[in-house]
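So, here come the structures, one by one.
Paired with subunit B in one complex and with subunit C in the other, subunit A is shared by the two complexes that follow.
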Partner chain A sequence: MMTSTTKQSNSLFKNAILKILSDKISLIALIIVGIYFLVALLTSVGLIASSWNIPVTTSYAPPSAEFWFGADIFGRSVFTRVVKATETAVMLGVVVAIISIVIGTTLGMLAGYFGGWVDELVVWFYTTFASIPGIMMLVSIAFILGKGTTTVFLSLGLTSWVGLCRIVRGEVMKHKDREYVQAANAIGASTPRKLIKHILPNISHLLIINFTQTFDSAIKAEVVLSFLGLSVVGRPSWGTMIDDAKLELARGVWWQLGAATLAMFIIVLAFNVLGDALRDALDPKLKGK
Partner chain B sequence: MNIYTYIFRRLLYMIPVLLGVCLIIFVLFNLVAPDPALLKLGKHGTVEQIAQINHELGLDRPLWVQYLDTVKSAFTLDFGRSWATQQDILEMIKLGALPSLSITGPLFLISTILSIALALLVAFYRGKLIDRFVLLLSIAGMSIPSLAVVLFGQWFFGYYLSWFEISGYESGFPEFIPYVILPVFLYVFVNFGADTRFYRTVILDEVYQDYVRTARSKGLSETVIMFKHVLKNSMIPILTQIIIQIPFLILGLLFAETFFSIPGLGAMIVNAVNNSDFPVIKAMAILSSIFFMLFGILTDVAYTLVDPRMRLK
Partner chain C sequence: MSEKVLEVKDLVVEFRTDRGTVKAVNGVNFEVFKGKTLGVVGESGSGKSVTALAIMGLIPNPPGRIAGGDILFNGKSLVNLAPSEMRKIRGNKIAMIFQEPMTSLNPVYTIGNQIEEVLELHQPNLSKAQRRDKAIDMLRLVGIPSPEKRVTEYPHQLSGGMRQRVMIAIALSCEPDILIADEPTTALDVTIQAQILELMKKLQKELGMGIILITHDLGVVAETCDHVSVMYCGQIVESADVRTLFKHPQHPYTKGLMESIPSFDSTKGEKKERLQTIEGMVPSLFELPVGCNFQTRCSKATEDCKGAKGEPRLHNIGNEHTVACFHPLS
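Then we have the complex of A and B:
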């Protein structure tokens, strides 16, 4: 039999996963990201760090064996707050990445597939968006919406879709004339079916690579919003903790800045490494970059 | 196509894009934004007071007139007066541009030269220990939040060690120099990771090309290959990256200017956000996008000068 002699080749995604698992550094990065997501999940259901808002010791108590990162102005444990803020960061990264992927992919696919005036409209739209420097766009949107969680989601999501939209548009333009789309066409597949069922899986690696990049930049941009007083309210975030340090450092209180920076550094670094590994594994054209 | 026709066409395409920029700014500030009269009066304004302020600000006119006002300001660069200080906004921007440029200018020069030099070095030793070390250091540097670097750096080098001026500014050359050394130094650190990694990538792109193998097989030394062939060919992405950063120089640095009390445009934007100064934020958004578009055109023109294969489209 034919099937017994030919070995079925792995899919692109299976290959990518195997590649990442076999590389020591990417594996460590993957484990770190996994731990952060687990911590975020456990805090959101209240299993750990539920006492983040309760004073447990004296104001600005320095780090000790009991409280690893000391206490903040209200005597709340900085360690617990950093753990609680993991939930904010992960939620933020995921929601912002999803917003940017939904907008970028939808507009990019429409422009690439239909061409003509649809394409011209989308290109005009993203050129316009991209013409306003990111930082001004971010400041404007966040400022207009006022402080709060929705603001952070929307301002970061609305400012991070252009790059993906541009790439998706280009890829869809290439894919729409390929044989597999013509074949789908021949058996009478509708346009939405061709786009979602046939073309989308073939460009999905771009969305995954984009996810890791947007996740990272969203967590970093939250610090800017915190500095402008426009970040999340009612829950701790690494950005607000770092921003608090502007009043604390002169008194020698470095632990809140140190703890939040460290927590953020580790996950951003892990995502950076993982993003690179994913890009190498999923996009053979970019190999070795 | 003639290069002048090309530039003309690109300038022409700026018009619809600028109209779009104005539309986004208009939608944000005139439709979505909370009522500025309420922001100015707080909760205790009477109906007459609110109507009075809306009339003064021209917010009681039809929406399309207000949109045309935004468009007009983009083309005449007359942005009116600040709500907070009553100063002419274009004057404010002119005043703030120099202090901003006095940090971002040197920062841009040092960062760019440093990271290209480092990228060439590690591309030369690609795959070796030093390459992996610098790459790791770059990724680590990219992962530190810049606000933390500024806060810690100012406290440690400015306050704890007292090596530099902790804050303040004096205009005029060379009086400004002592005040900008520390912020420039800190931001070179902030930028170094992303820049070095980018330049390393574009240089490595060329290193594996066929012409490099040819050059090597005809016996050229690695140094000649690196500087004469590789660097020249990677000039296109390098130039793009360099030119595209220039419009951002005028925006200044939000964190550094605030914490080091440098009266630049970054600090102006932060003040405008804190004072709900709509016209200043609008003006900066419009002006910076005009700069951005102009430098985008410049980049594409520079392409054709560097690489004759490039066709104008």
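Then we have the complex of A and C:
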């Protein structure tokens, strides 16, 4: 009646991870993302690129063997600054994604599960939120809270949860009538238990995929904020470096722009590939394709 | 007569819809005894499942509500119990298994975790290791081979029959007094159906629980039930001991149901008999006819049935056989 072969029992997530590891391109993307996170970690504890603020050569020194991406106006190594900016980028991506996931998931789950006036309130709230142009929202939050790193994190986080909230709401509406939730009902599970222990794990793939997307868009949005002069202060970021470059380009200094863009391009691409791979691996609708 | 564990008295369940209020269950009475099986038979939409949900206290409210009657569990009313009190009974004293074993298990947890969850909810004094042991015991009880290994497997690794066994294991792990089985074999292969029914019978003997078996399959009823109630449009139209009901069906609807079971008896002669059906459709609950609900599909319907004598009431015709018909067949 049963196959007698001993098979390792794998959860859906374990299967997904195995699937990603077995695919070359997504594995490379995963490694690149890993390297960026490692660099960010080492930078934040001061092990590397701690000298990002110290002039090491002449102003606008072109790329050389010693300074791969040359120097900026103050003679600081652009390479070191790009490395230091990785810390800002990764931190920004993670914090913004977490803020967006926490808000989006909480509101989405409440709306989807309880329906009725809770749903109406949440839907009203996020449609209102979504109807305000993103840039205007960013700028107004930045003006209210004042310039600074926290402001950038908060303003990007507060403007990026609507998409996830919509998806989670719809998905929870679908799941709350599924048999397994009925079965949880029948064994006497309470509402919080049903929501957190039963429904949440079943929609968590959405959160993971959303994490990669929000991470990406946060890094890109930071450039826009820099351009408006609302980005992080006191530490280099790819956005501020690209913003600086708008004056340098006229003098033929391309390396600051080039270095920051390249660093950003690689991680955004890697995250995109990884996001796609995660979607393929985790989304049950795409199984077997 | 064995001990009465559940009594449903004049139960009325209403659903409020855009088109008005409908009574999905309208004045249903039955009793469940310890160690006995009550079959509830009827077509889709006859109120079988709603009755089961009402007993479990799981009628979605709104739009539904228990509008009348009472449900007595060991003499205690369940109708107005606080949600937290009802949660303590659900899964513990009254358990339920569902029609769809393929989707009734949570895909992200191992089957062991899911059995342990019930124990965690209702027997909090058990340690983690004890819960795991009990889960393995339960899997062994429901006849799952090498339960020590299976306990760490995920639902997608099991077949439909195996999953239904797991559902039964979950339902029985707190040794409930009543097991409500809502079409437990509908989604399974016929061979597996027989196994599952056998298993339920065996476990009933061991644990002595009362079973409410909801089904539209009279074959299943004949094989497993002690007493049968036939439902139509939210009401019980006939109720009897299983032998009596099959031998002497009194309500034309019951008879119709029995005649629509395909027979493969080849000894009856060369000519193949056409399969009998019950003509017409179950009337919409919004447009129930005056008088007997079955009149539109009944060959014996007279003026009496069309409202001249009001609604037919269940009356005893002896030997605990009750029928709601003005012209019982006898």
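The definition used in the following text is that the second predicted complex is superposed on the first by the 275 of 289 C-alpha atoms of A that agree within 3 Å, B and C clash if a C-alpha of one lies under 4 Å from a C-alpha of the other, contacts with A are read in each partner's own complex, and residues count from 1 in each chain.
Please note the rule applied: contacts are C-beta pairs under 8 Å (C-beta built on N, C-alpha and C of every residue); 3 or more make two chains touch, one makes a residue touch a chain.
This one's a predicted model, so the numbers in the text were calculated from it and none came from an experiment.
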With the two structures laid over each other on chain A, which partner does A:Pro201 touch: subunit B (first), subunit C (second), both, or neither? second
Using the touch definition from the top, say if A:Phe265 reaches subunit B (first), subunit C (second), both or neither. first
Specify the partner with more touching residues on subunit A, choosing between subunit B and subunit C. B
Of the two partner chains, subunit B (first) and subunit C (second), which one does A:Arg178 touch, if any: first, second, both, or neither? second
Contacts of A:Ile187 with subunit B and subunit C, given as first, second, both or neither: second
Considering each complex separately, which residues of subunit A are in contact with subunit B in the first and with subunit C in the second? none
Within their complex, state which residues of subunit C touch subunit A. 56, 58, 86-92, 95-96, 98, 100, 103-110, 117-118, 121-122, 145, 149, 152-154, 157, 162, 167, 170-171
Could you please specify the touching residues of subunit B with respect to subunit A in the complex? 16-18, 20-21, 23-25, 28-29, 32-34, 139-140, 142-148, 151-152, 155, 159, 201, 204-205, 208, 247-248, 251, 254-255, 258-259, 269-270, 273-274, 276, 281-282, 284-285, 288-289, 292-293, 296
Which residues of subunit A touch subunit B in their complex? 124-125, 127-129, 131-133, 135-137, 139-141, 143-146, 220, 223-224, 226-230, 238-239, 242-243, 245-246, 249-250, 254, 257, 260-261, 264-265, 268-269, 272-273, 276, 288-289
Subunit A contacts subunit C in the complex at 1-2, 6-7, 9-12, 178-180, 182-190, 197-198, 201-202
